[in-house]
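Common to both upcoming complexes is subunit A, partnered first by subunit B, then by subunit C.
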Partner chain A sequence: MTENEKRPGAPKSRAGQNLTALIMNHYAMLHDAAKDKQFVVWASISVPTEIFKGFENVIVAIPENHAAMSAAKNAGVPLAQQAEAIGFSMDLCSYARIDLGTELGDPKASPAGGLPRPDLLVSDTNNCSLLIKWFDIYHRLWGVPHFVIDVPFCYEEQKETDREWIVGQLRELVTLVGSMTGQAFNPDKVKKALARTNEALVHWKAFLALAAHRPSPITAFDTFAHMAPFVVSRGEKQTALHYKMLLGEARARIDAGDYPVQNERYRLLWDNIAPWHQLRAMKARLAASGANLVHATYTSCIGTVEGGYAHYPYDGRDPLLYMARVQNFSVCPYGLRLRFKAMAEIIGHVGIDGVVFASNRSCKVYSIMQMDLQRLIEEKHGIPTILIDVDHADVRKYDEESVFLRIEALIERIDQNRGPGARPYRC
Partner chain B sequence: MKGFDALERALGESGRPVVCCFPLYPPLELFHAMGFNPIVLWGLKPFLASTSACDKHVQTFACSVGRHLTEFLLSGDVAGVDSVFFYNACDTLRNLPEILSRNMIGAGRQAKFYHFHVPMQGLGAGVGRDYFKGEVGRLASSLEKDCHVAFSNRNFQDSVEKYRKMRGLHAVLQERVARGQLGFGRYARAVHEGHLVPVEAAIDTLQSLAREPPSNPRREGLHRVMLSGIMPPPPELSDAIERAGLVVAANDIASMHRSFRHTPRFNGDVGDYYVDFYSRHCPCPTLLFTADQRAGYLADMAKDNGVEGVIFVGEKFCEYEYLEFPHIEKIFKQNGIHVLSLEVSIDDRDNVAPLEGRIEAFAELLGSEGP
Partner chain C sequence: MLQAEFIDFAKELQNPHVAAWKAKGGRVVGFYCTDMPEQVIHAAGMLPFRMRGTGNKDYTLSDAILSRFNCTFVRSALNLAMGGRYAFLDGLVVGNTCDHIRRMYDVFGRKLAFEPRFFLSFPHVFTDEGRAWVKDEIERFVQQLSKAYGVSITPEALRDALAVYRENARLLEKIQALRQQDEPRISGTDFIRIAVANGSVRKDFANEQIRKLLPAIEAQQAFRKVRARLMVAGSFVDNPDFIEVLEHAGALVVADSLCIGERSFWDPGAREGGNAPPPADPLDELVRLCYERSLCPRIMGGHAGRLQFVQDQIRDARVDGVVLERIEFCDLHGCSNMMLQHVLEDEGVPVLSLDREYSLGDTGRFKTRVEAFLEKIGG
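Up next is the complex of A and B:
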């Protein structure tokens, strides 16, 4: 067994242990706080959850995170099957099926015991439009209000009128939460939360930038796992501390010459949501071939806007205006031009030998346009690409051998491009 | 069904530039008033031999609506497409405009692309209403600039009246279908051809159809069903429904009744017109803010039309519809209405026998309980 193959089973780093503790504590806190009658919000991943810090005793659960975690812990399929048994089509997003199966079926199959019942649902069209229908199911079933943040699709830089529209909705959300909780909104607390998020993102972006080092001290798999604190506990001190720790560890790995793929020969970019059920297996098998997924569009976009690579910082001013502006952070709902820009920025900053486009049956908004993106990347950057079939949380729709057959073909093309005897880069 | 030649002839004879629109509820009156022939790209399968052009750009897990409209615009078989309009819809269609634009331009076809954003939080509140009126105004200004034609209230009013007439004829024809005087399949074909021709030609076709003598000799013992879905069933299945002794007494097909139910009054403000158009639109899963109205609307429609059963015509991969089906199905069953869920995929027109069998079994179930 090579050094690279041993690594995935190695003991967790301090940041890894901290991540586990942080996530376990988060889910325990959710259940405990709900028992204490705190106000529970279910929010989708693009909702700027710092806004809820303007109130006391409002806790936020993210169903997508719960679904991803369930898939990563091999609980995705049994939960999805519970939704399918109720009548939800297997063609629907596997996050939605896992979540619906958890909440409408037996939550005991969930690694977190499901989520506490919400008092308010808040979704966001900037994730995907499907999510609105998914939350609507709970809204109808439990009689819980469902607030939709409507974000115009991101084909270009955010227009002033679009920003005003989003700010108007955030004001309505503040009014709604205030009326439901009987509290006055404190914008200063939101400013503090945004400042903490800002600090977390400074560390996060510095962590991601280390991928430019050859060999890379990080993998996209690290970024998939460690995006969780940003998703579930934005605006908290512990999140900023976590990313500081993560950055410190990655820097220390460079100093120690200790890399996740020691013999890194192929630097790959991943385009789509993480294949949650394959993190360890895919990382190990790639590493055995000297390949490292050094970046992913899914995680690189966090902290940026509209296909940029640099952090878009909080200026300490109007929190609603800033939260509206950074609604365009997520790469997944971008149009083709901005998706290409985001990938080109990564290629320019990090150095990429090949791109793996994960065509994800559960995420049409992320996947449809990948065939054109493939052509664009190959034409404009001369970088070979492949399109593989994946489902982010339903392992039944994944075939490892087919995927690796294509990855091997990608590696062959990279070698061909380099020519005989060519060294890929200086280590 | 008419071929493309006939449809293109109808478009060409009108002498107006063509704007291809998707999804289903675009501002047709505005485009018409600005001198365009707006056509709606929906249900194009009967006109297309394959999806070979689309298959290079869109994965097979996209719905047939998206794949066919991509094929239509990229295959190069259609002459005279001057512009494309889209507004925000599902997660598949939102990705298509730039794919289309890039590849149409790549093929030397310089179509202009227009869009506006319909607030999915709803249009009732002040902020959403003002924002959307701004979107409509921005679109109108773009058209004025590009077409060198000034917007005119009089032209808009004339266009509104044409579309009102066309939608009114649909109500008459659906009533004839419900009485068993007109075959549903025949009506559906006329509707889908109507999406692709000038409104004036669509009105002519619908008027001719309305003047025809009743076509169905069998009017007794028919069981009344409602059809629901984003598209009507393929012609073979529509025929099978009627052969099985079912009459389509109520229609919740997005490209049919949902598209035609409401035409607002024009008060001199085009922004107000479209605020009314969308905010009072027939509930549809694609208009997210209508979600709370939908179950009640369908239950009332079924009751008002004496429906015994509902046939869901599920378009494979349409996430909007499929996330609502279990809830809607439950509501109908609670009201004692039988439900048949069919799933139609892109290839199912070539393989309808199993679906025909299920329709026959459903008709037998309704028959066993008496009309």
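Up next is the complex of A and C:
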């Protein structure tokens, strides 16, 4: 067994343990708070949930996180099958099928026992079309109000009119939650939450930037796992503290010369949502080849706007205006130009030898332009790329051997580009 | 089957009307969805052409760009375009209607170096602010189209275009009335042929043709013995053969909720307004047509309206069963159809749910399921 292969089985780091505790506490809190009759919001991942901090006793559950966690804990397929048995097509997003299977089937198969029934559904068109329809199903079945934040399509930098349109909707959301909970909105609390998110993002971006170090002290798999606090506990003190701890640990690894892929020879970039059911296995097998996924477009975009690499900071002013401005963080709905820009920024900052485009059967919006992006990256950056087939949460649609066959071909191309006898790169 | 040159236009992409239009120097601008303001293209003196995948055999070219889990309609139309079959287009309009179609804006630019292209971003919810947004977008589109082709699009030209489209809707409503009566005078297959042809020509030309067709339809022998009166609802259908498979089994499609079918001319706003004059600002009428009346599942929170439309059709056309069809990988109809299915079944309406490819490659399986469905509902 090589040194590289030992890494994935290593005991959890402090940040890893903290992450587990944070997530477990979150799901326990959700169920406890719901029992206490607190107001439960289900929000999609792009909803700026700091807005709910302007109210007391409003808790937020993120069905996508529940689905990803279920997939990571091998519960994705049985839950998805429950939705398929009701009639939902197997070609719909596996997050949706897992979540619909949990809520409309038997939630006992869920590692978190499902989610407490919502009082309000809030979705965001900045994710994908399917997500809104998925929430709409609950709206119809349970009669729960569904608020849609409709974000203008992002082909370019956000226009003033677009921002005003989003701010108007956030105001409506505030009014709706206020009327449903009988509370007055406190914008100062939202400012405080945004300041905490901002602090967390400073640590996060510093953590991601460490990938530029050779060898990298981090992997994209770390970023996939550790993005969870941004999803489930935005605007909380513990979230900022978590990212501070994560950053500290990664820096300490550099000082100690202790890297996730000790003999790192191939630095790869991942484009798409994480393959949640494969994190451990894929990381181990890549490491055995001296390959490290050092970055991912999926996690690099958190805290940025419109394909940028740098953090777009909160200025402490109008919270609704800022939340509207950063709606354009997600790479998913971009047009080709901004998608390319996001990748080019990462390549420029981090140093990438090859790009793994994960064509994700469950995320059509993320996958739909990857073949064009492949050609653009090869043309403009001379970096070899491959396209592999995955599904972010349905392991039935994943074949490890065919994926690694292509990854091996990518590695061969990287070697070929370096030429005979060339050093892989300077460590 | 109804015989007329006009309705044969559904069989091919570049029909004789398009060819004649091009021969005299006319421009043809393609557009993808029902909710796009094609009236603006008409007002600019051009021919708005509804994008289709007619005649596509495989995905050899388009699959170099799109994944196999993308919508097969989108892959078909792109495959035709990459093979040069859309060379007659002088422009393309794409909206953020679904993730697959929206992507065509980039693909046509990058892979086909196709210009000019126009992108319209429309809201996904019904609100007052949404109306203002749509109006802004359409106004911008008017300006972009004018600039791209050096033409003037005056409010008068828009009003004239809207009048032509209103008449078109009234004519199609008359045909719809003839297919939903107790003894229908037209099959669902012919109805779709007319609807498809209608989307492939200038509407003033279409109106002439439909006016000529109406007496022939009224004179057709009535369909008296049918196994079941069906409604078809769901994803884009521009292939009349799809409807023919249902009718070949002995059913008659008397109603639909398809974007190229009834949803393309359904306009309750105009009906409620009766003979009231249209709004002074033609852009306001376009907002109503492109946004307020939309039955597209891309509109979130619009389920109640879509369900009501289906229920009204079932009642008005005395439908015995509903075929909810969906092109594979269509997220929007995948969820929307499920919501419709559960409600309709609770109401005792028999439903056949069909996932299919855009092309009719799996006709055998399809026929078997249709036969079983007709037996189930006692037809």
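The rule we apply is simple: the second predicted complex is superposed on the first by the 427 of 427 C-alpha atoms of A that agree within 3 Å, B and C clash if a C-alpha of one lies under 4 Å from a C-alpha of the other, contacts with A are read in each partner's own complex, and residues count from 1 in each chain.
Everything that follows uses one rule, which is that a contact is a pair of C-beta atoms (placed from the backbone, for glycine too) under 8 Å apart; a residue touches a chain by one contact, two chains touch by 3 or more.
It should be emphasised that the depicted structure is a prediction, and the values quoted were computed from it without experimental measurement.
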Subunit B versus subunit C as contact partner of A:335, first or second or both or neither: both
First, second, both or neither for A:161, with subunit B first and subunit C second: both
First (subunit B), second (subunit C), both or neither touched by A:137: both
Contacts of A:207 with subunit B and subunit C, given as first, second, both or neither: neither
Partner chain in contact with A:88 - subunit B first, subunit C second, else both or neither: both
Touching partner for A:359 - first (subunit B), second (subunit C), both, neither: both
Partner chain in contact with A:39 - subunit B first, subunit C second, else both or neither: neither
Shared subunit A surface residues [contacts with subunit B and with subunit C]: 86-89, 91-93, 96, 125, 128-130, 132-134, 136-137, 140, 148, 150, 152-153, 155, 161, 165, 168-169, 335-336, 359, 361, 364-365, 367-372
Subunit A - residues contacting subunit C, complex: 86-89, 91-93, 96, 123, 125, 128-130, 132-134, 136-137, 139-140, 146, 148, 150, 152-153, 155, 161, 165, 168-169, 335-336, 359, 361, 364-365, 367-372
Touching residues (chain side subunit B, partner subunit A) in the complex: 56-59, 61-62, 66, 88-92, 94-99, 102-103, 117, 119-121, 125, 127-128, 131, 134-135, 285, 288-289, 291-292, 295, 314, 316-317, 319-320, 322-327, 329
Subunit B partner contacts - residues on subunit A that touch it in the complex: 86-89, 91-93, 96, 125, 128-130, 132-134, 136-137, 140, 148-150, 152-153, 155, 161-162, 164-165, 168-169, 172, 333, 335-337, 359, 361, 363-365, 367-372
Parts of subunit C lying in touch with subunit A, wherever the complex brings them together: 64-67, 69-70, 96, 98-100, 102-103, 105-107, 110-111, 119, 121, 123-125, 129-130, 133, 136, 297-298, 300-301, 303, 326, 328-329, 331-332, 334-336, 338-339, 341, 353, 355
